[in-house]
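A short write-up of the structure that comes next.
The first chain written gets the first letter, and so on, giving A, B, C and D; residue counts start at 1 in each chain.
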Amino acid sequence: MSGQNPGDSGWFRYGDPNDAESAATAITERTAEQPQNWPAEAVRAGFVEDEDEYYDALHDATVRATREAVQERETATEQQLQYTIAAMDDAERTANEIAERVVEWAGSLADSRSEGEGRAPDIPGGVDGARAVAAWTPETPAEERVVSLAERAVDLDAERAELRSFVESQAPAVAPNLAEMAGPVLAARLLSLAGGLESLAKKPAGTVQVLGAEDALFAHLRGRGSSPKHGVIFTHEHVRGTHPDNRGSAARALAGKLAIAARIDHYAGEFRQSVHDDLADRMATIRDREVGE
Amino acid sequence: MSGQNPGDSGWFRYGDPNDAESAATAITERTAEQPQNWPAEAVRAGFVEDEDEYYDALHDATVRATREAVQERETATEQQLQYTIAAMDDAERTANEIAERVVEWAGSLADSRSEGEGRAPDIPGGVDGARAVAAWTPETPAEERVVSLAERAVDLDAERAELRSFVESQAPAVAPNLAEMAGPVLAARLLSLAGGLESLAKKPAGTVQVLGAEDALFAHLRGRGSSPKHGVIFTHEHVRGTHPDNRGSAARALAGKLAIAARIDHYAGEFRQSVHDDLADRMATIRDREVGE
Amino acid sequence: MSTDLPPGIQRRRFDGRERLATRGEPVYGEPQDEEGWRAWDAGRSKLGAMLELELNLGFAGDDGVLYLGAASGTTVSHVADFAGPTYAVEFAPRPTRDLLAVADARPNLFPLLKDARAPETYAHVVEAGLEYVVQDVATRGQATVALRNRRFLAPDGRLVAAIKARSEDVLEDPDDVFSDVLDDLREGYAITDTRRLDRFHDDHLAVVAEPRADDGRS
Amino acid sequence: MSTDLPPGIQRRRFDGRERLATRGEPVYGEPQDEEGWRAWDAGRSKLGAMLELELNLGFAGDDGVLYLGAASGTTVSHVADFAGPTYAVEFAPRPTRDLLAVADARPNLFPLLKDARAPETYAHVVEAGLEYVVQDVATRGQATVALRNRRFLAPDGRLVAAIKARSEDVLEDPDDVFSDVLDDLREGYAITDTRRLDRFHDDHLAVVAEPRADDGRS
């Protein structure tokens, strides 16, 4: 039953039905509580000559509005994924920095702690060490501070884990084939490095292969991660798990299929089993070479 | 009343009374529940010939043990101050980094939030922005994550404040004159930059004036802090609060008195009002020049 | 012979099999005969399944339809083939991309990226007095969606809904779930027919209902 | 004439004023006469104040003394001048540096950087059967410190303590604080004399006590 709500206006009152842009904006942004006989009203009010013209205008406006809304939602979702993985990296980095300070500081205090009959055990490095210190019952004001700081490191690490879960849940919605092939976290990194799905889909396989090489280089120099020749995809099991002699082939094969996956995601937006089967076949071929050698 | 406790041994049983080092160690590290007639026992057990010899040995051992214990306690206290200020800087830096990410991410989400009738107000920068975001009631999974991250930034900032309080309480115990003259935080920074009180006390005033110039340079380039010509002491009110024409003189005067304060702290370890009065006189002279100009 | 099909829907032969069909641009690679009839796959379409199971839905051929949960446009493409103005609402951007392609070739199909739980976001677009609200939303609160969208129906209009048990509660017995949903629906609808679609779609219930006359507001 | 002073302590004239004095190396720039007697400033020393106020402390001249709260060694330097083996316990490293300088020139003064609340950390060093425990610790729980250090006293030894009201409780009336402390002390001591030191030291109470014979353990 459509009630009379004097306040409600049809979309055409907000945008000129003949101006595609304002019509689309009215479709997307306006609201009304109760629908009315919009076709009749548009004719009566002189926005269109007859109902056929009304429906033509409505079709143009809704198609345009919906196309723009889809693009904006997908861009926003992609952007959210980039924020999420950037935040995950921030949380990991800061957790490690704070934990490093905690372990060093707590080490200077550990000897004075009353540990019962035995010597205090060594504090492990990194976040594990912070976890150990956070379990102390502080006996001095300095210990209160280092225990509190340790809790901050543990909280940051927990945040990292939550953000990782969120990346894992979001990535398939943004790029289902890429997320399946690279794993959600690597997929999100590739999207970030490329500056978005459209940009990644337009890159040749050779570029995909070395995306993130500078970051990987710095990580390698700091002692974390492998040789930077192959970019972030080098962390993928298909490359890491392959005999060093064949890593080049594996990286090229993977990069090639990732590039295709990105294109499928951008242009079709659907999961296609075929590209994953193709990659599995290529990897099997490369692995067979190892067995024979 | 001294009871008989068969388990208790006198210090001389753990260390050779004639070996100064082991005697001192026994004084410092051993314990006993009940005292005994140690002089008589030491003679009876043949460690010394008579009680005069016992007391001589005791004197040597206690003086040495206590001298070493004093040095170790003072070094440990100094070291704790350095850990504390380093931790304070870590907490500040990470709080700002996380807050920056929060503000950027939350900005992308703010428009979609239902804020009642009005538009969502802009989110301020830095930790204040994180505080604002932390007060959100999250409406989507993405908002849950950004609100949680905001809480991490707020916690880190709280930790920074606690650590600052701890520096303020510790610095006077380590270097009373330096802490009074420079303020506890700047005093702790100078000690860190110099590598300890002994090292700072041995530096000439000209070096004290530019301690931390590289750090100040980087901070200046990042938009925080003043010209790096004068090192961290430039942040002191006596310099910052002086007319730019006279800042050079003010910095030299301050550096000179700070160097003296450090020497008093290292060699005498006591508060001396005179050096603070001298500095006040010098600053007054410099300030008078400004009035006359 | 089978029950009379609504205007615009026929049984036609494709690869030796007789199948439901409508006439319009192919959408998802379905077979099409020389006269332009394209097969309507009841295994992919809840509404197609209802028609295969000979539910009497009463389509007249130029009905105004609001379709909630249009997804990639598979089913709604057939609706637009035989109905009048067809408004298609879908929440997720990914399938809506495909829905746009379907709408490009159908001037009577109006796609909307909107939340079916918030009809105020499209009541300025979708006209009142529609003959049908067709609903296939895999979300919790399917009865609520139907109740909130009652406002678009003419007094003699109909709700045709495919209720998915697992969307309401993954663990409960589907019969209990359906019972609860029907109870909720009765707040604003009089149920005229229900049919399990399990032959084509596990744990789905088709519901046909009419808006209750009392309390015009939904 | 005044009460007889213990051996090793005399009244001497310095700058026209008569003051307590002991004989030994000067420590803090105090005046020293030609015979080596140095002035003992009752304004800086609780024990000196007690002697100025003519408390009968009973020092014999070769007593073994455990001095708790030796600080920079001002008072304990005088004690070492007139007593026998003098054990000086101080908790804070800064004043202990000065105490070490005092001890360098006094072979009967044994400095210890220890916590007076934890006598087990020096009971392997400090001998039993001492004649005196002299206590001047500005900490909370001054009675507890005295009780825990009872173990060093000979049965006929004495506790001589300067109790600071503000260390126990900054807000309470000093009389109430002293009353509580004395009650606690009575757990292990029999109080023989008390005297307010306010002429020299605000809100301080001198306490002289003997260890109780029952329950030999402190």
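Note that a residue touches a chain if its C-beta (ideal position, glycine included) is under 8 Å from a C-beta of that chain, and two chains touch if they have at least 3 such contacts.
Since the model is a prediction, treat every value here as computed from it, not as a measurement.
Student: Tell me which chain's centre, taken as the mean of its C-alpha atoms, is farthest from chain A.
Tutor: D
Student: As a quick test, compute the distance in whole Å between the mean CA positions of chain A and chain C.
Tutor: For chain A versus chain C, the centre distance works out to 34 Å.
Student: What's the distance between the Cα centroids of chain B and chain C, rounded to whole Å?
Tutor: Once rounded, the distance between the two centres reads 72 Å.
Student: In whole angstrom, what separates the CA-based centres of chain A and chain B?
Tutor: About 42 Å separates the centre of chain A from that of chain B.
Student: Can you work out from the touch definition every pair of chains that touches here?
Tutor: Final set of chain pairs in contact is A-B, A-C, B-D.
Student: Can you tell me which positions in chain C touch chain A when the two form their complex?
Tutor: 85, 93-94, 96-100, 103-104, 107-113, 120-121, 123-129, 150-153, 155, 211, 216-218
Student: Chain D touches which residues of chain B in the complex?
Tutor: Contacts found on chain B: 1-3, 8-11, 14, 26-27, 30-39, 55-56, 58-59, 62-63, 65-67, 69-70, 73-74, 77, 173, 269-270.
Student: Of all residues in chain B, which touch chain A in the complex?
Tutor: Touching chain A from chain B are residues 76, 79-80, 83-84, 86-87, 90-91, 94, 97-98, 101-102, 104-105, 108, 141-142, 145-146, 148-149, 152, 155-156, 159, 162-163, 166, 169.
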